[in-house]
Structure formats: structure tokens, C-alpha cells
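The following blocks contain the structures, represented as C-alpha cells.
Both complexes below contain chain A, partnered by chain B and then by chain C.
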Partner chain A sequence: MRSRHDWVIWAFFWSGIALTALFVGGPVLNALWLSLHQASSFIAEPRFVGLGNYVRVVQEADFWRAMGNGVIYAVASIVLQVVIGIAFAMVLNQPFFGQRLVRGLATLPYLLPTVVVALTFQWLADGSVGLLTVLARDLGLGTIPWFEQPATARASVVLASVWLWTPFVTICVLAGLQTIPPALYEAAKVDGAGPVSRFLHVTLPQLKPVLTVVVLLRAVWMFNKFDVIWLLTRGGPLGATEHLPILAYKRAFSQFDVGGGAAVATVSFLILMTIVTIYIRLFPLEEKR
Partner chain B sequence: MSKTFQGPSRRAILTVGAGAAAATAFPMPAVHAQTKELRFLNAEPAVDSVRALRVAAAQYEKEKGVKVTIDTVPSGDAYTRTISAIKGGRPYDISTIIFAAHVLTLANEGQLTPITELVNKHKWGKRILFPVNGQHYWYMYDYNLSWLFYRKDLYEAQKLEVPTTWAGLLENCRRTSSSDGGNQRFGMATPIGSNDATSWMSIAYMWAEGVSLFDDAWKNTFATDENRKRTAAYLDFFADLYKTMPPGMTQAGFGQITAAFSSGQATHAPYAGRMIEILEQRAPQLADKYGMMPYPDSAGKGAAVNHGYDGWVVGKTPMAEEAVRFLEWFSDAHYINFLHSAPLHFQPPRLDIYDDPRWRAHPLIEKHAAAVKTMQGFLDDPKITIRSIDTEGPAPDLRPAKVFESFLIPEMIQNKVLRNMASDACVEEAVAKMNRVIA
Partner chain C sequence: MASVTLAGVTKTFSGLTVVHAVDLAIEEGEFMVLVGPSGCGKSTTLRMIAGLEETSGGTIRIGPRDVTRLEPRERNVAMVFQNYALYPHKTVAENLAFGLKMRGASKAQIHERVQRAAAMLKIEPLLARKPRQLSGGQMQRVALGRALVREPDIFLFDEPLSNLDAKMRVHMRDEIARLHREVGTAMIYVTHDQVEAMTLGDRICVMKDGVVQQVGRPLAVYDRPANRFVASFIGSPEMNFVDGVVAAREGRPVFQARALSVPLDGVRHAGLADGRALTLGIRPEHLERAEDGFRAEVVAVERMGAESVVLLDAGLPVRALIDRDDAVSRGDVIRLRAPPDRIHLFDQDGQALDA
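So, the complex of A and B:
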């Protein structure tokens, strides 16, 4: 006999499926459909071109440049966020005066809207009057061309992303650290393990489940991240920070190529799916029994 | 005592239902009296412009009994909102459009109502009407020409002439640069990023030099030997000009350029009449110390201003006829009121306005009469070229729009000044990209 409880569970389950189908499945299918058509705008009559848009976009140098930029941006951001996030979490896990206040402050950038962080960073790095620019100049480092050169522009968007999202890693790792039994550290100490050894052989293995999820989430988010790059550089200079989401947006909304934009977005989606599948195979989210 | 929740009773449901029905029915006479509504998408978010439209809307409702709802979005979002409204089944009766290709797209898809008769009632300035297939769809409300501002006081102090050549401009930029008193002053502030600001503000030197992108038969004239040479010369000049600019110009948009000039950081900067309004509001000490000039060429033979424009279109909606009537009603006193909401920036495209005492009576227009005369001169002077990337060619078309949106010309500038590439190679790359874009 089914209880009333089962009915509620099924209601929530199917509501979730229906909403996902409507707000995720629908747009994905629509993008797929658009990617098989050619249209100069969203109101133009689309013309079926089969896989023509895919063939066209993957033959273009812009696509591969955007792909490379996306990989560089995602990998650099994730590595820095994870390394710095773990370091912060280790510090915040130690007892010290004002620990709670510092923990709160450490999460602040993550709580701010992206547009606020991006504009703040832009002002800090302003070529003439930015706080960071003036500081660097006063320290004798000269005028840093934050957004003027392709390499520095890439570094700047990575830096802003690290500033914005490292607190997420810190919070997750801090939560993970608090679940590690102190007895493990005491046993390691008795065995003569130093701080580095304890970190490598106790802390990191214990954090593996948390880090697996954190890296996965950050990879998905950073690969798809649009807002911070758009607000900071719009993909410039010379396309140095233009990655696949920005290329797709420009194609569809600015360059009168809705089908091409949808094709870029679909390829980006497929690449991400492949990466996530491989990642989950390599680092299963549940331990095998 | 425990009480189990048993859900709403039938009585409660009936009571709530009856109440809701009564509440819905109660204001119905008012709703029926107000069935006519015009939806107007405004893309001038400045408070004075919104207010001018709302005042007009209120008066129209009072006089004609037709409600006019004003929705306001930033200008960059106007087309997306217009398209979304069409796709959503509630198209705007009147929309602001700021890009010729968008009018073309909407007209070609049968989404616009022609307003040829209304447009033909007035005499318009040059290159401001963009008919599609012989019909007018766009009621323009301003020229957004871009020209160069310079600091007249610094020119006078150093006895400098207003330049008519690139070399002259460079020399003046260098001579007015300064680092006295710890505050560095730069010669020129002009954007170089891949954005609209660069396409609008930084390339009219090319137009002055005679460069074009398309001829009347849509041939790619940018690729001709003559235009390649002219463009390479422009890039050589621009590389020298870049040395007089403050850092951060790849990030500069409209706001940063006006800020650089109004704060005294730069001696020269491009912009339209908004610059004077900004000086009046934020730097009144400079409001009588600016001069204006068109972009020069290399030899002093030609000059140019970069084209810009904004206007309203009428959608193909059940209220289209009423929308045209509204525009006709609006095009008299309220049109002038709207222009007064940015009195020096909204340069009238209608030539009758320049002689209209109501328009001339605005205090800022009176105060800056010399500037207004110069602005009008940009339209009248046959030696001054008015061009822009997106309006190249004989008629509105997606090809120049694609060239504009691909930012190949700003990238050409960046290749020169950021990568220090040879000018010929920069032009070659731009020509190749243009060929790909318009293919």
C-alpha cells in the first residue's frame, strides 16, 4: 500500500522533471534546432542547412581560438581557486582571535553580485587612476597594462574570477576540514609525520570527496562563465579573452548569425559533457564498495 | 489539544471564489473605458528624456483617450527587447532603434508599418533617412555625429592653430601634454577596444582621408590598393597618436572618454553634444573653454565627422494606425520638448527645427549658440564627409552591419598599436576578415 508520503515524493519528483524539461530541456532543444538552420535574426524565417553551421564554425580560426581561450581561462581559474581556497580554509580552520569575523569577511566577494565585483575590479585596475595601477607604479613596477595586452587581459580576467569565486572553494573545503577526525592527525603525529606529510597523507585524502565535487562544479561554471568576461573585456583585446560562450553570444545577437551562434553553443555543450563524463569516470562521486 | 489539517472546506472555496469574481468585476467599467493602449519602447534612459515622453503620454491620453505606456531600456538592449516582444506575442507599437540594419531586418520580416507620408512632411538633413525598398520606416530624432573637442584655453595659451591635418593634430596633442604639478595631462583620449565606442569615435580620420568600405554596387572598396594605402597611412598616424593617450584606452567607452576630457586629463577627445552638457554639469569651469572641429585628413584637404543616428519605428500591430497618429501629434511641440531633454546632444535631424524659436529658446542652446552653429555646419559644409561603418553602401544592408559588429576595424587598430604590426599587414588582415564576414 502506498502512503501519503510516497505521493508527496512523486509530486516533487515529477514537478522537478517538468520544470527541468521546460526551462532546461526546452531551450537546449531549441538551440539544437536553431543550430541546424540559418537565420539572420530570431524573427527571420529559418532555412534548414543540416550540419552546415557546424561544419562552418569548426573550420573558422575564431572558434579554435575561443576554445583555447576557454580552456586556459577555466584551467587557470580552477587551479588558482582550489589552491588558494584550500590555503585559506586551512588558515580559517585554525583557532585564532576574530576567527568568525574573518570567516565572514572571507566569503564577502562571493556574496557580491558579479557586476559589482567586475566594475570594482575594473576601477581598481583602471589604467590611469586605478588603486592597483597607482600602487604598482608607486612600487616601481611601472604601469601594468591590465587589459591592454592579450596576455595581461587573460591574466586579469582570471584574477577577477579567482577573487570572486575562491570563497566558494574556501567554504566547501572548510566544511570538509571540520569533518576530519582529530584522531587521524594525532595518530599521524605519533607516527612522526610533519605538517606537510599530515597535509598530504591525511588532509588531502580526507578532502577528496569535497574536492571532487568542487572541481567539477567550478569546471562547469568556469567553462560556461559569461558575465565576468563580458563585463571586463567583452572578449578583447584582439579576441584574447573571447571564449565559446562569448563567441556564441556575438554570433547570435550581434553578427546576424543565429544558427552559427547556436552551433557554437551546442559544440561547447558537447565538449563540456565529454569533459564531465571523463572526469566522473576518473573521479567517481561515490566510492565503489 | 491537537488539530489535524483537513484542507479548505467547500464553503471556504465558494466564498473565496465569489469574492475574487466580485473583485475582478468591480473595476471592469474603468478597464472597458481604457481599452486603447499604445506601447512605446524608449531607449533614452536619461531621466529628462523619460520625463519628456511621460508628459507627452499623459497629455495624449488626456486629449485622445489613448493610454501610452512607456517602457525604457538602455539603448544597447532596444533591439533585443523589440525582438523579444515580437516573439512573445506583444510587439511594441513604437520602438526606438539605433542601428540601420535592425530597421532593415524588422522591415524585411514584415514587422514594421511604413511611415513614409509622415516622414515626407518634413525636410531632413543629409544622410539621415534610411529608406528600405522605397519606404520610410524610421522617424529620426537625432544625429549622433562624433567630432573632436579640444581645450581652447590651452590652445590660446600656447598660440596653437586649430589643426587641419593629422600632423597638426599630433603636434598639438604633444604640445598640450604635460606632467606639471604631478597631474599628467595627455594629448588625446580616444577608445581602441573592440566596441561601439571605437567604431564611432576613432575611425573618422579614415573617412576624412577618403576611405570607403563599399561603393554603390556593393563592391568591397576597402580592398582597393588606394584605400589600403590610405588606411595604412591612417594606422601610422594613429600609432603616433596612441603615444599621446592615457593608459587604459582598450577599456574606454563613452563614459571614460567624456570623463577624461571633463576632468582635464586629456586635451582632445571625440564625442557629440553630450560632452558640452557634461561640462556644464560636472566641470562648469571648462564649459566655455572647449573648441570643436571635424576629424582632419593627412593633407588638409578633407575633414569628416562620424555618423550616428537614432529614431522611432512603428510596429505592425493592431494599434499601428493609432501609433502613426501619435507620432504625428508628437512630432510638433513634444518632439521639441524631447530634443530639449538633451538639448545639445540630440542634434535635430529635421532642418525646420534649427529655425524654430521654441527649440532655440532653450538656455543651453542659446548659451552654446556657436557650438550649435558648428554642429549645423557639419551638415551644411560640402567639404565635410559624414560616414560610418554601418551606413556604408548605397542602402541599409547587413553587409556593413556585419563589418561593424565583427569589430574588424577596431581590431586593425589594436594590431597596430598593441601588437606593433606593420600597417600593411594590419590592413591585409582586416581586408581578409571583411571578405570572410560579408561572404
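So, the complex of A and C:
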């Protein structure tokens, strides 16, 4: 009985390890190896160049611009997702008629494939008949060139990302809000706290464990996000929305510089790892309430 | 310091009335206990006084102020909650200080009052701790402290001791009584525990199904319960009730219930007409051993230490409280008497005859 039980545990354990090694560890090591070689394609004979690719890419203006774009995109979309996500969650946490239905609908964008959301957003932002374009025009804002100018293109990818991933924050925060004992709010009311003080002194501190994880996950995902930007702008116009993952992809697959692309991806990985390490030091995940 | 006056205070939740037109006056400095079984509306009444629940009708005054429509923070009340409701992310000192901070007290004032409250409750060594590092009793002290520092017009307590173990409960009960003596502010205290009510209250207000049954000094309520519910709720073990009729025997009134007959000579109540259906109530502690008493067989003995509760069969089930040295055991037949001045009589609606 006992040995059978052990067998099941080991089977799950080793199959997990094997799959991770095959589909995560393998590609990571392969990328590291590629980043130390010069190759014009994945089938070409690679030539070892040591840290040459790294030296080359970090000296290029494209790299630093992509890094700046990535930081702007990640920070802007995380801040907006968290702020709007908390606001939505607080509204959805109030009792009102049709609450369940609205809660369900609010999660919908998150459930849709990115390509569907990106295409829908493109229609909404269509230069002549898009709903957002018409709305902006009617509001007297003129015709907004959603994807044609650097500033608006940056704003557009942030907007689409916020639309797509805010529901994730909303769901997590809503779950967090539901664990806050109502008596804390009552105690705060009796203690003389108004709505803003109650938010700052009860809601926010009680949400801290949830927000710590949510911000961490969103930071990792937004920094690595590829699909939504690629589908909307392909990094344009003039590289305004090109961040490190897109730069790495373009290098490897459009410019046939596999080693350079791998070097960009590796540097991006190291930067993210540094950020995450600092973040976890500042906001330890295991802190209990 | 202020008095509290409730006039016709009513609460209705989606068509269901849970508090029916409560009239209650709590005097300055008084300790009033609202007591009753769960669902009797006592907590809802307290929450309406705090402003945490809107009233559906009636008015609430604190001192001369009509606070019925005011927010909790405008009422200057402090409340101690059943589950303490301490802010988990704040230290004990910050928990104590929060109410003062919200009211814009100066740092010096906050420090002074927090220190004074902490000294009163002997929680100075805990000031830097977080609530999760405290025991139940310590958390309750901090919750008391949080109310105390505010120096409110009224203290409200919502079953504050029900999460504590029996020993700590008795200890904290004494502590609350001491605090009341020291601060002298009116306190309104909700509990389902009649022992807490009896020991703490200057007066108690017994509630059932959202209706006030009786308000009075604890011993007055114990001695002269207004109805059968109050008689059964106040006092432990519960009062014995026997349904029967008044019969005249040799010109004297006797209470007759199956084989049991209790002379009503000297019972002070009027209206003992022959043939009237009544309920007789007698507290277990008031039954006496007497040779001329009614006959009862011992069914079980619950030894509680100084006293024992004896379950008896006198043709009807009866409980009596006897001294531990009074050695009775199962199967013994004893004779008991209900002293006339200890007998309570209730009409068929459950109202006391002398009420």
C-alpha cells in the first residue's frame, strides 16, 4: 500500500521535472548557448563569439529605446490595471441588483483569446468607423490617430492591455475584499473614519498580500508581453512600441541575427530577475496578516 | 457622560420586523444589559444605537441630541465587538490611537491617553505588538482600551466575552465592572448569558423576538419576573413550571396538577378563583426538603461542587437544587415543599399574576 502510494508521488514529481526540463529548461539553455554564437538562422552553422553578441546589442540605441519602451509600457499598464481593478472590485463587492451577472461579464475580456481582443480593439479604434474614433470625434477631441503616432500608439497598446488584463486584477482583489471582516469597517466607522480613511486604513492594508502577488505577476507578464503589442502595432510606428521581447523576435526572425536576438532575450530575463528579486525583498510574499 | 433614550425604536429587514418599538431609557453612568436568546433583537438594538444599523422607526437620543440619523462617527460612542475587530496590520498602540487620530487629536494628547488606557488595562508591555501576537484575553483588553481612550459619551459592548474561555470570561467580567466604576460612563452591554447580565447590570432589559419583556434591577427581575419567558430565562438552573388549576380544599386555595398538589396559603397573588387554569413556577433553588411536602423520586443527580441539581419525578419532571452534603442518590424518594412566598403564578398567556 505504502510503496504504491510512493510510486504515484514519484511519478508525478518526475514527470513534472521532466516536462519543465524539456519545455522550459531546454529552451532557456538553448537560448543561452545561441546568445554566445553568431548565426544567421536556426539551421546555419553557429560560430562561437563569446560575449560578442551582448557587447554588440547593449551598444545599440535600439536596445535602450526598447528597454525604455518596455518599462513605460509595463509601469503604465500595471498602475492602470491595479487602480482600475481595485475600483471595479470595490464596486462589484457592493450588493446591487444583478451583481452576479455583472461580475461574470466583467471577467469576460480576460477569458477571450488575446487575438480576439486585439482585433476587436483594432475595430474599435478604426480610423474612420471605429466606435472609439467616432466617440472621440463627437466629444470634440478630433480624429485620434490611434496607431499612427508614437505617443498615441504607446497609449493604445497600454489601453488594450488594461482592457484585457484588468479583470484578472479585479478577480483577485474581489476575492481579497471578501475576506475582510465587516467588523473592521464597523470598528473604523465608530472610531470616526470616513470612506477615504476606511479605504486607506482598512481596505488597502488588508489587500496588501493580494496586491503584492498581483503586482508581481502582472509585472512579470507585462514585461514579457509579446502577443498584444505584436498584433496591434508590431512594435511601430518608428519603434515607439518596440520593447525587448519584440526586439529579440525581430532580430532573430526578421533580421536573421539569432545570436543577437538570444542575447537581447537573455538580458531581458536578467533584468526581470533583478527587478523581481528586489521586489520580493521589499514586499516579502510570506508576510501574514 | 450622557444618557441614552430610545423611543419606539423599530427595525424591519425586508418586511420582517426584528425590533418592535423599543422604549428604553439608560441613565447617565448606568450599566444597562440587554439580554435574551439569539435572534431576540438585542444586538440589532445596540447596532442602531451605534449607528451601524439604520432605524426603521422611532428616535434615539444621546443626552439631549437626537442622533437617529447621524453617522456612527458623529455620535461619540465607542463599541467593543464580539470578535474584537482589532486592525490586524496596526500595532496595539496604533489600534488604541486610531480613533483619536481620526478625530484630529494632537500627538501629545494621543500619547497621553493611550498610555493612561494601557496602564488602566495593564497592557503597556503589549503596545508594540500586532494583534496576531496576542491571546484572546489580551485582544479583548486591547479592544476595551480602544474604546476607553476615546472617552466617549457611551460605551457599547456586543457580546464581548463570548469568544473567551470560561475562566477568562469571569476575569474580564470583573475587569469590565471595575472599568465602569472607574470611568462612570453609561455602558450598554449585549449578552445572551444571564449570569453576565445579572452580575454586571445596574439594570437589565430582557428581550425576546424583538420585544422588551422586562426592564429592572437584576434581583427585581429575578424575584418578580413579568412573564413566564423572563422567569425561565433569568436564573440557572431554569425555573420549574407546572400547568394546573386552582382548587379549593377545605376553603383554602390549592394548586392541583395531576398527583401534585401545592397549597397556595400565603401566596400574595389575587385572582385565585376556583378552577382557574394557571402555570405555577418555582425555582429549583427555592424548593425545600420538608416532611409534609410533596413526594418525588430522584431520577438523576448532577453534582456541581457546592451544590447538586437533582432531577425528580413527582408525577411531573421537577428540578431541585440541594446542598452537596444532602446525600441523595438515584431511586431515593424525598419530600419537597414550595414556600408560598417563592411561588410564581402565570396566567394562560404566560403573564405573571402580580405583574
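Just so we're on the same page, the second predicted complex is superposed on the first by the 276 of 289 C-alpha atoms of A that agree within 3 Å, B and C clash if a C-alpha of one lies under 4 Å from a C-alpha of the other, contacts with A are read in each partner's own complex, and residues count from 1 in each chain.
Everything that follows uses one rule, which is that a residue touches a chain if its C-beta (ideal position, glycine included) is under 8 Å from a C-beta of that chain, and two chains touch if they have at least 3 such contacts.
Note that the coordinates shown come from a computational prediction; the quantities given were computed from them, not determined experimentally.
Chain B and chain C, once both complexes are superposed via chain A, fit side by side. In the superposition on chain A, A:206 makes contact with chain C only, while chain B stays out of contact range. In the superposed model, chain B and chain C sit 150 degrees apart as seen from the Cα centre of chain A, a figure rounded to the nearest 10. Of the two partner chains placed by superposition, only chain B is touched by A:44; chain C is not.
In the superposed model, A:197 makes contact with chain C only, not with chain B. Within the superposed three-chain model, A:271 lies out of touch with both chain B and chain C [touch as defined at top]. Contact with chain C, but none with chain B, is seen for A:183 once the two complexes are overlaid on the shared chain. In the superposed model, A:122 lies in contact with chain B only, and not with chain C. The overlay of the two complexes leaves chain B and chain C separated by a minimum Cα distance of 43 Å. Against chain B, the residues of chain A that register as touching in their complex are 40-45, 122, 126-128, 130, 133, 143, 145-150, 153, 233-239, 250, 253-256.
Here chain C touches chain A in the complex through residues 50-52, 71-73, 77-79, 81-83, 85-90, 98-99, 102-103, 132, 146, 150, going by the rule given at the top. Chain contact summary for the complex, chain B toward chain A: residues 80, 83, 86-87, 101, 105-106, 108-109, 111, 193-195, 246-251, 265, 398, 401-402, 405-406, 411, 414-415, 418-419, 437. Note for the complex: chain A touches chain C at residues 181, 183-184, 186-194, 197, 201-202, 205-206, 208, 288-289.
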